[in-house]
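Just dropping this structure here.
Residue numbering begins at 1 within each chain, and the chains themselves are lettered A, B, C, D and E in the order written.
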């Protein structure tokens, strides 16, 4: 049997659980597809790799994708990947030192907040939270700190607050629980159920081999079903521990995202409003034109 | 430099520092789980070595490093000989080389990813690019240092230009070339790891970043240990190889540098 | 260098740019990956003209110079000590040999832990990258000081301190400066890398940030600036080196 | 019959600024077949330049060089040049045998070159040293290797540029005896450049003295001491002392001026 | 009165494998105040080793070295060593004046060292060359700088290790005359190591000939040629030729053996 090879760029985070589930459960093989994942540790190389033809599909946060689209790159959504929850706990959290008196965006004015990078979804949600809680985001200094170093930096007083994503939130609470606390839920407080990340492919590829991506979508979505059916089941955590290398005891404390199958113009439009508000201005094409049929569910 | 067999004061110092590491971590002086005791690090190291994961990753990294070293080194020698023997080529292409030389490798990786992707091609290229410049410089320096008398000697016996280049210039320049390689060796390892850290699911660099993401401090420091030992061993092995290849150079009393 | 010597190279460079331009215009290279030089040039000019280039440039340069200065001074001091005092050599040699080959980039997480994320961490990592080549070269230079020269100092009754300062140091200077020149390049690399890892400005951060935001023309513009900075630093150092080592055979007028 | 002829040879070196520097101005000199000629002259006058032109290693600016009647412009097969610094002319990565073989291996191949080398090493008293590397030998032995290599090429003429100046005084006496011996046995033509007046008188049939730059031939003396000459006792002969006195005074006067 | 005494001096060098190598075995030698003594001996016999021990640069393994009656173990202020390799003993980053000042600047400071240097440069015929760098001078001039430096320290004794072996034959005659002149004017004690038999006879009052390794004193000859001696004409005297013959035969015989 001749399998079609697809190379997919992923990040070792909770959001890609369905992809790994679909691989492990043989859903891709059943569709005649062999998936070769390439784990990179930031979206920074995933999307360029897609443009350069290294990957057929890339998992990336929505902000980065839309920034590429703004610059004229033909990314098309082929599947949804993750969304924030409607109510806490979120997959993101704003954290501060206990007893520092910092409770809101207002308190952070003139202070330093850490984000893993600027101009991505984590930062955007963080800034939205700052504004929502009464702060002027222009007056808050963003410092780039890699996720793994955030908890130490915060506990050491080198930054005043940090926007973390899971599983680093759980990690920070586990190791620095006595000194650090969560002060905000950036998604559910500013845009409940807001979009987080998607799978994209290049328009030309989709035009040429749309049928392959149909099969890809079907298999991936069976993976989504598999995961959604086991949100409280330890086997899901074992799966995640396997590909992310995060110790399973830590994963038990982690808040999981919602795993959607599709992408809606509405969620993208909402995000675009927010992006433009926070400085990522420019002209973006109509979001509905960006959604491939496999994501239109 | 020779590591003495007897436990010198230096070995004692290293041991003391390692002990300080262990104690400071056990007593949690740093108040963080990201400063694991040495023993935990060694356990993690042993575990991932026994599962075969680390050896495989290290092998991959070394392979890429070696390929880059070979490609970049060969290019450096050829271009260096060309630049040194045909001054016009140096004048034509020298400025281009000089403009590319100072660009820090981490800065080249993003655009290179665009052209070469994330896999071996890109990483080997990045390593080759790093190796190219020191070898080039040293080769040119070496060719310039070949005594005019030595070449004239070849001419007086009626030996043609190609044979002179192969039998006189090349062996005479070899010590310089090898010195360039030795400088490059350390850089090549660093750059291979950095490239793996930035892009692609490969090698020890990727393992390092994965473990950083997963918050596994012992594995992180295990990687640092592996790299230290690897670098040390590579340098050592190269020295031995160098002494074999150009024994005459050392016998003539020239000091090994670095 | 005289203009007559470099113009052939400049012509080649111009031809290369023209070729690139043509290749991009002919669609041989994707504009999304490599914009035409003519598209980068205005961006570059804009950065220069508006003075936007200055702040990140100075941030990076400050980092490079601070790290370079600290690393060099430390490297020279330790190298002199190890070369001149056998006890210091025995004490420090194994440590140096073990620390030297560790890729400094791999130490950044540990440095972040001990030194945080600010300037201190960045300067330290740059200093570390600078330290070892300077140290090793200094050591070699000291050990390579001609025995005859040392004996000459002894027969004329020089003491150890006077000899170290007025004989060993100048004699080792060519090696020390060679090490420093290598280190200057490494300092720039590490500065850029540190900025990429904990970006808050500087050229390294900008290049990565532009790439992440798909502002490819801007990225190349900053890359060109970086290359020129590297070239200028190296040129500056060569100039200083020539002055300091005017007595060396290769540099004699 | 003249074996080597320099006819009105002029040599200019291009200089960075200004007109080319004239180092040699219309020098004519003829060395007869089988003759041993020495060249003396103040430092920097152009002795090495002259020898290199005779060896075809350096082009003349005007005039011509003839060897065996043929006008030459590249190193001719008849003549081999022996360099002053043995450390630079021997290849340190080759053992002694292969260094000597180097002279002929491009013609005969490595195997046969080695056989030739062994024979030549015997002739210079180095049989059994073939496996040594040059830097394992004393300076005098190294210079012997260089001479063996030159002889391996079976030249009709040896051009030697201060071949003994880098060895100690005793070794120099040895090598002088060796050269005299080989010259007699092989009936070579020799042109020897030297700084050492005693050496020139001890070895040569005729001595050419060059003037300060631009060089021309100031004197051409017939030595006229019977052969064989012993390096030690020859120096006690009245003719030797007279020639020595004369040459030294000429040279020292020039030197001082 | 004996100014320098070596009493039963033995020197062993540690060797990597096996027992230490004995280079010198119970050598006793005394140089009188104001005397000019030359040391001859086959290559590698230990001449430099002997001189370095006399200069306090190398410790003795057994026996003792006395200078002006004092037993020494470090370089004594009375004696200065002049090195064979002028290129290596001068500091290339200092101009000639500061190279000569080198001898005294640690005692007098740079300013006054410069004044001393100017005077000494005049004495060796290099007045006006103070601003040059060593590599801008000819070999003979460089060796003069080294001599001026040694003289600047105002030593009672000069220890010279083949100081003229690296310069050409004519320059060597110049330097020999210079040393003789300074020796006469300053009433120095000189111990000179050389390879060159002629040089030893021309310069010295007495000549010590060392044996092959392990070195001991084979002969101690009185030269007995009247002073002042001219480097050119001295060599034509019968006594010179006789001594030369005798020394060469001794050395060559040893050398051959």
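Just so we're on the same page, a contact is a pair of C-beta atoms (placed from the backbone, for glycine too) under 8 Å apart; a residue touches a chain by one contact, two chains touch by 3 or more.
Computed from a predicted model, the values in this text were never measured in an experiment.
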Set of chains whose contacts include both chain C and chain B: A
Inter-centroid spacing, chain E versus chain A (mean Cα positions, whole Å): 83
Distance from chain E to chain C - Cα centre to Cα centre, in angstrom: 48
Interchain centroid distance [CA atoms averaged], chain A/chain B, Å: 37
Centre-to-centre distance between chain D and chain C (centres being mean Cα positions), rounded to whole Å: 50
Touching two or more other chains - residue numbers and ranges from chain B: 32, 34, 110, 114-115, 197, 212
Shared-contact residues (touching 2 or more other chains) in chain D: none
Shared-contact residues (touching 2 or more other chains) in chain C: 33, 109, 113, 208, 211
Those chain pairs that satisfy the touch definition: A-B, A-C, B-C, B-D, C-E, D-E
Interface residues, chain A side, partner chain B - complex: 12, 37-41, 44-45, 48-49, 51-54, 146-149, 151-152, 155, 167-168, 171, 175-176, 244-247, 250
Residues on chain D engaged by chain E in the complex (per definition of touch): 42-43, 138, 165, 168-171, 173-174, 195-197, 232-233, 235-236, 241, 244-245, 248-249, 251-252, 255
For the chain D and chain B complex, residues of the former touching the latter: 52, 55, 57, 74-75, 77, 79-81, 83, 85, 88-89, 91-93, 102-104, 106, 133, 135-136, 153
Residues of chain C that touch chain A when the two form their complex: 30, 32-33, 109, 112-113, 116-118, 197-200, 205, 208-209, 211-216
Residues of chain B defined as touching chain A within the complex: 31-34, 110, 113-119, 197-201, 206, 209-216
